[in-house]
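Some structures are shown below for you to check.
Two complexes come next, and they have one chain in common, chain A, joined by chain B in the first and chain C in the second.
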Partner chain A sequence: MTGTTGVVGALGRVNSLVLVTLGLLGLVASLGVRDLASAGVALGACLAFGLLLLPRGTGPAARFLAVVVAVASVAWSTWLLGGHDPTVAAVAGMRIAVLALPGVALAPLVDPSGLADQLGQRLRLPARFVVGVAAALQRFERLGEVWEQASRARRSRGVGPGRGPVGRSRHAASVTFAVLAATLRDATAMSVAMDARGFAAAHARTWAEPAPWTRTDTAVLALGAVAAALPYAVLVVR
Partner chain B sequence: MASREVRARLRGLRWRPIGRATPALDDLDLTIGAGERIGLVGPSGAGKSTVLHALAGVLGEALPGELSGTVHVDGAVGLVLQDPGAAVVAGRIGRDVAFGPENAGLPRDEIWRRTRHALDRVGLRYPLERPTSALSGGELHRLALAGALARAPGLLLLDEPTAMLDPEAAAEVRAAVVGAIDGTDTALVVVDHHVGPWLEHLDRVVVLGPGGRIMHEVSPGALHDGAAAGPRDELTRAGVWLPGVPPPAPLDVPASLVVPDAAGPEVAVDGLVVDLTTRGLRGRTSTRALAGVDARLPAGRLTAVTGPSGAGKSALVAALAGHLRPAAGGVRGAPSRDARSRELARACGWVPQHPEHGLLALRVRDEVELTGRRLGVPVDVEAVLGLLRLDHLVDAHPFRLSGGEQRRLALAAALAHRPGLVLLDEPTVGQDRRTWAAVAGWATAAARHGATVAASTHDADLVALADHRVRLGRDPLGSDRATSPGGVVTA
Partner chain C sequence: MSAPLFLRSTPRAAVRYRTVDLVTVAMLGVAVGVVFWGWTQLYHLLSAGLAVAFPPATGLLGGGWLLGGVLGGLIVRKPGAALLTEVVAASVEALLGADWGFSAIVSGVVQGLGVELVLALFLYRRFGAAVAALAGAAAGACGAVYEWFAYYPDWAWGFRLAYLGFFAASGALLAGLGGAALVRALARAGVLDAFGPGRDLADRAAQG
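For the complex of A and B:
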């Protein structure tokens, strides 16, 4: 792997297993967030990691809005319930940011087939599970579309959103239910299609593509592990 | 003919799906020889898809129910489902086709040899890296076919492979099938209500009757236009479409089932531009579906909306149904994107292209009653279901119906409350002659009794019944529709 070295945008070149692991490292780091110092270091590491290594124009920018909303609501409720202590509220909000940011930032880069290759060939997880994960991720891409169809049908049939926030949230709940039902229905069709292509009877499944591991993968993963350890280091040092 | 080697055999097959009192297949015997090509026909709900599922070995596993009798198949089976979109397992076409060979445990170079060969045989000459989401309906069918062929099947099973396609794309898919199995000993079973275009490639036509029993076995030669009347009449009576037999007269649907409260609206579409946006994990993509459409839908008439696949027929129908916001231009006489759900439902009934997307209830009866109850309009459920030949299914789950049954149910669900504006997206797909007459009868009767009716369709028999037409054209240069407007002709 030459020619594609260089640090900027490296996350666009690592394999999907590394991406998922980095997402989980966000969880590890968030558990180490205890006070303002560890929170600041963890969040700083997280942002530096993203700004430096995330390729430009990855996925919809709006997804970060969801993180902002989550952070704000957690900080706000902590402030209300936690005796109006701004420090406690800030730490709680930053912990959520550290937890959610890596996953939200990296999700658009994950390639379902590539992840399945890694899980099956490198981690040697059972093929049935691995292919199931890949198929589910594959379907996940279409969730927005399914949502749109379900809400159109309800609206056309006179059971769409009513007036006011109560009517709307009730509608959202019923569309969520419809999406679940549609997902189950699609899952049946999918398993018929997969079994008809020999999946049920696959004993010694092979993989069409290798699960490569490059030096970039190792480097990025090591960097991620160090970043996740930083908040713990701060706690020890103090 | 010398007896050939047996490729597959069903013996005394009986299948009762979970939740049904009567079996879908009963005491079924069918023997398929190596290299034999069979057309499987019969009325909607007869059990054709179920026979294919049995041969593919997915009954009882993926589809729960009670199975008895024996299924024996030599070698691998390739099954192509009616909705190929539901069968995509990977994000890139190469990896999708490779799924079968991977399951067979083949070495890597053999997987790719088979994958390339299969894609080549169906004429899908894109890079293996092409996203599966970037394929048209006809291309998805060919992808599914390639996925089946890559298993080197001894038996290829196709469930209505061309029902949703325009004639051009249908001919391409047929040519791909024939080209792929010609000169091999792969046996073929193809289910198609319109068996005509397949006849010259078939060795035998098997007719499945109601109740899941084989009614006739006919040689294709006896079914050609101009052949003796005997078998042709018999099959026509069973509801099978044959070349040269005129379509049945639309059913005379009673006024009480279709007459709207008030006369239908005069709909005018002026310079309508619509962009379709899909949001996914990887971001947002926007395509221009309609680029400046002008059209009229007169009240009291049946308007046929036609055009090649990708011309934006479904987008136009969805826009008229109040589901899309115009980027420019507009629609008069139809509900807007801002209309309240109840007003929208009262004004307009919409049957989406994929019927399952329009279904909301857990029982067929509730599905038909739902909107009427919401709006306070009484609905004669028995009469509606009887007319559409769904009366034996009142208590069934809407998702557990045959393809044709589900489409008729979606129609009943959307229209039972007798709206003044009736919008149908491909309403006659997958129907036998009798159920076709009911669906076509509903559309014509609604128009006769004052409703404004529009149907997007590539069914020439339905177009012939229409008394007004809107034709959407594809961009004449064939370039990316997102950047160049589609031409439109109104007649």
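For the complex of A and C:
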């Protein structure tokens, strides 16, 4: 079934719950980064994990620029406000890389419906809420359209964004209001439609899709947990 | 009795989520997540100068990211609505590709809890501008304390406290007062008729 195609690119074959857990393990690992040694080990593990297991050509490479900006800003602020110590600043920057990289790398692989299936069927979160979120996520692409339409409509009426931060903030606020109003109107209409199909009164709920869990899932999750434990291991050993 | 029996909300009915509550929390969360992502560009533009000159002042711009919880709490008016809205919003932002990866989800939990804390303090009965401002401030304070540990553990204490102050003030203003004004405007636009703010507006109109 799985596991037959080898280790390379295994992250492309695990379910979305594992992907999100791995992303959160980045936070766990980052909290164990205290000095250069633990930072180096954690970041090394993170990079090795990604280079080995992430399928080639996942998502736009430009998304990693945001991580570079975050790392630079935290390293700078730590240098400025934390006693002008370059080592402390470098460790702080590496800590943010460990924190952010897994999530940013894995985000394009996460499938929202698959994640909802896992949350409902494996974690047994309240089904009504999970289904509600899954339904909302299906409207997700429409939201991007609404945002686009609202800003284009404003531009064509001559109330587009100005150049300065004030004009842009005002434009952002106005488009935000339009998107929220459209969303709330949709939500009311959709909940009426859902209740008309017996959503509120359902007792035994079935799921359209299964939420499979494979050996690859277990293996990748275990590997991620070990990688996240490495910085703590370094701290204990030293 | 002032109101007919079927209109009076018992504590049980107030806690139980109707379908429209659930769907609204979820869809509002998704919409706010998209809005967060839309704001990121603006944020980078505004924050770059602050981040170089005096990093704690970036907290002044953080309040926008607390809007989800305040909106969810003020609109649905039930325990958990603020937390769920903020968590869904943060998750959507993380999936769209937030700078801080999936830790945005944890930020969402912490900030949503800040809003819940204040709403619970008022027993989920007061949803005016003052309570909204307090809720926004609490969300900012909780968010700042989390960021002390996750992002800025090496800052000197004075700067950490300054960051907390800026973040809380921004939360009170942008998310709190801004959120309360937004909810009033949405109610006037007629999209909150199924919720407390819409009913309040109708009540006031009926009284003349």
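Assume the second predicted complex is superposed on the first by the 164 of 238 C-alpha atoms of A that agree within 3 Å, B and C clash if a C-alpha of one lies under 4 Å from a C-alpha of the other, contacts with A are read in each partner's own complex, and residues count from 1 in each chain.
Convention: a contact is a pair of C-beta atoms (placed from the backbone, for glycine too) under 8 Å apart; a residue touches a chain by one contact, two chains touch by 3 or more.
Here the structure is a predicted model, which means the values were calculated and not measured.
By the touch criterion defined above, A:F129 lies against chain C but remains apart from chain B after alignment on the C-alpha atoms of chain A.
By the touch criterion defined above, A:R168 reaches chain C but does not reach chain B.
Contacts of A:M194 after superposition: both chain B and chain C are touched. Contact with chain B, but none with chain C, is seen for A:S113 once the two complexes are overlaid on the shared chain. Counting the residues of chain A touched by each of chain B and chain C gives the higher count for C. Once chain A of one complex is fitted onto chain A of the other, the partner contacts of A:R205 are limited to chain B, with no touch recorded for chain C.
Once both structures are placed on chain A, chain A residues 59, 107-108, 112, 135, 140, 144, 181, 185-186, 188, 190-192, 194-195, 199-200 are touched by chain B and, in the other complex, by chain C. Within the complex formed with chain C, the residues of chain A that make contact are 20, 23-24, 26-27, 30-31, 59, 63, 66-67, 69-70, 73-74, 76-78, 80-83, 88-89, 91-92, 96, 99-104, 106-108, 110, 112, 128-129, 132-133, 135-137, 139-140, 143-144, 147, 165, 168-169, 172, 175-177, 179-181, 183-188, 190-192, 194-195, 199-200. Residues of chain B touching chain A in their complex: 53, 56-58, 61-63, 76-79, 81, 83, 86-92, 94-95, 98-108, 111-112, 115, 133, 147-148, 151, 278-284, 318, 321-323, 340-342, 344-346, 348-350, 352, 354, 356-360, 370-371, 374-375, 399, 413-414. By the touch rule above, chain C contacts chain A in their complex via residues 17-20, 22-32, 34-35, 38-39, 42, 44-46, 51-52, 55-56, 71, 75, 84, 88, 92, 94-106, 149-156, 159, 182, 185-186, 189, 191-194. Touching chain B in their complex are the following residues of chain A: 59-60, 107-108, 111-113, 131, 134-135, 138, 140-142, 144-145, 149-150, 152-163, 178, 181-182, 185-186, 188-210.
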